Amino acid sequence: MKTANPQLNEHGELIHLLSIEGLSRDILHAILDRAAPFTAVAEREVKKVPLLRGKSVFNLFFENSTRTRTTFEIAAKRLSADVINLNINTSSAAKGESLLDTVDNLAAMQADMFVVRHAASGAPYLIAQHLAATGRNHIHVVNAGDGRHSHPTQGLLDMYTIRHYKRDFTQLTVAVVGDILHSRVARSQLHALSTLGVPEIRLVGPQTLLPTYAAQMIENAPLRVCHDISEGLRGADVVMTLRLQNERMNGALLPSTQEYFKSYGLTPEKLALAKPDAIVMHPGPMNRGVEIDSSVADGCQAVILPQVTFGIAVRMAVMSMLAGTSGAGQ
Amino acid sequence: MKTANPQLNEHGELIHLLSIEGLSRDILHAILDRAAPFTAVAEREVKKVPLLRGKSVFNLFFENSTRTRTTFEIAAKRLSADVINLNINTSSAAKGESLLDTVDNLAAMQADMFVVRHAASGAPYLIAQHLAATGRNHIHVVNAGDGRHSHPTQGLLDMYTIRHYKRDFTQLTVAVVGDILHSRVARSQLHALSTLGVPEIRLVGPQTLLPTYAAQMIENAPLRVCHDISEGLRGADVVMTLRLQNERMNGALLPSTQEYFKSYGLTPEKLALAKPDAIVMHPGPMNRGVEIDSSVADGCQAVILPQVTFGIAVRMAVMSMLAGTSGAGQ
Amino acid sequence: MKTANPQLNEHGELIHLLSIEGLSRDILHAILDRAAPFTAVAEREVKKVPLLRGKSVFNLFFENSTRTRTTFEIAAKRLSADVINLNINTSSAAKGESLLDTVDNLAAMQADMFVVRHAASGAPYLIAQHLAATGRNHIHVVNAGDGRHSHPTQGLLDMYTIRHYKRDFTQLTVAVVGDILHSRVARSQLHALSTLGVPEIRLVGPQTLLPTYAAQMIENAPLRVCHDISEGLRGADVVMTLRLQNERMNGALLPSTQEYFKSYGLTPEKLALAKPDAIVMHPGPMNRGVEIDSSVADGCQAVILPQVTFGIAVRMAVMSMLAGTSGAGQ
């Protein structure tokens, strides 16, 4: 999977969105550029454009996520697509049909796009490869989160948000706080930040969730592990908090959520160490009082709700961009 | 919540539909007037009007109700809106996200309207207040049933039905039969009947479900408690039966459903006590043989299915009326 | 149910699709003829035609089937209908509302079409009869699978597939392999094959699943039971494999799935007994390694994915044909 790039066709155009990894700075900026006018569509009286009219978009969710599914459903409907929601855990999967048989069947129904959420890392890649191998290059795949691997539209909307507020990536210090090593959101963020030229990316979290070797998790990225939050936040332009997954909360890795909040929860006091105009981000849904204090979440430096708004525009951008391309992956 | 009226803007126009309580007779008639032409839309070849084209309506159901959700979904689609169904019990709520964080997120996706069903009384109010407090007055809230509090579109469709068959509210005797004290449907009906000038409203049911003090449950309303069904039905123009909730059926409050049927179930014999042209209503779904006999439910005095038909028109009326207004609650 | 034909109006036009049984050869060919242009719609840039614009189609699924529901949802959306999905097991049925009360309610919402899946054989008939009895002849019913009785759109798409590849039904030898006696899919296939004039239909399966008297299961049909698969497949033009239902797998009827595969699983060796240009069909979802070997399922004689594609076109044909007719059943 690493040598070739199944996301791009022979002209270097995006045909699938599988991960941020492997996308150039130009492509990332092209997606963000394309998203900008879609933020205006959402403020119109009639929030629709006909770019995907008559196309069939399948929300193929092998893992439940109403929130993410909703963002893609809205994005596709505002592009005038027909949207079919499929929660596969309660369906054919129970009947023992394989992932690829399900994909073959939906492809045979003349799907135009699959938005895929799956608990297994690499599932969207597998689907894209299978479509290529079976001569169905006209069907596009968007990864909506796969295992611990990637959540590229989240990474893109985060970049849109940073660019919106900070303009130039190449002057920024960005702190990512939380369980970075196991987070698909973080992985996508780090690839994006690195590709876009952020010169200092700090990974902030406890030794147990974030061993020192995490600084090597992405090749050639300017990553720096900080177990001390003060060191991590000092002078930062952007503070990206991560959701503490429930399964981490009551295991051996963390003594308690209170302890975590005390050490790494983003409070006004800790945030005061960052630059005065630093922005605070969170991918949602938030655990208030665990990774973030309510006064910060609702404070004037938080851009958490704009992230959501930009997320719709970014997904519209990705979907409409894909729909305009075709051809085999490289 | 009682002093101001968050349902109306500074011009007295409806911006949310949260409860019948607090709405004037003029507003109620205005909604019913607006519903009338929508009954014709539903009989056209193409059952659509473009009044909500490009709008995003979220069916935000924190409590499962396929039936009510369906009526709102159809109403919104016939107005050409994009409808997103969210069953929140299986989603973010499970991840511990708060009601207001969920609302903030959906609002940030540029929602235009929330149709809210919630087990907690007051949840739609809370949402409307929160939207006002966060400067999102352009988003409208429709209460689709909250706890034991209110189910205003049910109350409105009931009034539409009565007006359709009986014309003048101010000459009517209306009997409401069943567990009125704990019913959000009944509460909405009573407020509406009282506001529209019905001079005699009889509350009919057993002492255990309907204590005598129930006659005071709504201020200044001409309520009269009748534990004897003959007394309750005699000479009535309208008989509104209520669904006996399952949780009441096998508790200490009722000896048995057979006993209930014997005393309060609407049979042809009991109905004969009402006026010969009395109409029989039920909000559905019916427990045949418990609160109503099949021969009455399917008889010529029943207007139970017209209630459903009018319900779509009334919901179209409410949604299109709200979509045409804006501004902060009073 | 047998004497009259509730599927046809007084002009012999299709008003409901309840089963293949009772439909003439002309009607079957008329449906297949109508499906042909819809296969082209699905290959257009904008995959929509306005034939059902403004119509309300209810997917009324009393038994869960994401796969079948999806095919009807896509077909209806490509015809521009408004589609409402109802999974009734989690809804009013739980509240004790009867099937016919549910139907009455949805009919009162001005439904135009019900697509019905139900575990009880005959449920779609019951609904169609009830609609006729209550003067709602303008609402059409499509059976999407009822108990062990019928799955007519599956039967039709199978016939479309055979006609597409083999043209003339009257020269064919068709083998149906598996648990035919208990399969609604098989029942629909056999009625269709017989009506369309296939001169030899072989029922192939073990004695325990397929007793010899199965040859009489459809009156006047040229059925022949073969317990020996070699005898069943020899010289066949079409091999229709059936899904082995899970409940059959570990009961007293079959020693094991491995045994079943050894005796009746379609392998390249067994398939070699059929004509060299024989086509292999399966209604899906497949149990690879149980009723069919992967090399056959993915081989060049398999037309399993074209079946799915044709299935959308056939459902569009049925829905648009029904929408153009009205009147009472015969």
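So that you can tell them apart, the chains are marked A, B and C in the order they are listed, and the count of residues begins at 1 in each.
Everything that follows uses one rule, which is that a contact is a pair of C-beta atoms (placed from the backbone, for glycine too) under 8 Å apart; a residue touches a chain by one contact, two chains touch by 3 or more.
Everything numeric here is computed off the predicted structure, so don't read it as measured data.
Engineer: Between chain C and chain B, is it the same set of residue numbers doing the touching on each side, over half shared, or a different set?
Structural biologist: Different, since most residue numbers here occur in only one copy.
Engineer: Rotating chain A so that its CA atoms sit on those of chain C: what angle is that, to a multiple of 5 degrees?
Structural biologist: Rotation angle, to the nearest 5: 120 degrees.
Engineer: Between chain B and chain C, what distance separates the C-alpha centroids? Give it in angstrom.
Structural biologist: Each chain's C-alpha centroid was found; their separation is 41 Å.
Engineer: Taking each residue of chain B in turn, which ones touch at least two of the other chains?
Structural biologist: Expected reply: no residues.
Engineer: Which residues of chain A touch chain C once you look at their complex with the stated criterion?
Structural biologist: The touching residues are 53-56, 82, 84, 86-88, 90-92, 95-98, 101-102, 104-110.
Engineer: For the complex, which residues does chain B have touching chain C?
Structural biologist: Of all residues in chain B, those touching chain C are 42-48, 64-67, 70-71, 73-74, 77-78, 246, 284-288, 305-306, 308-309, 311-312.
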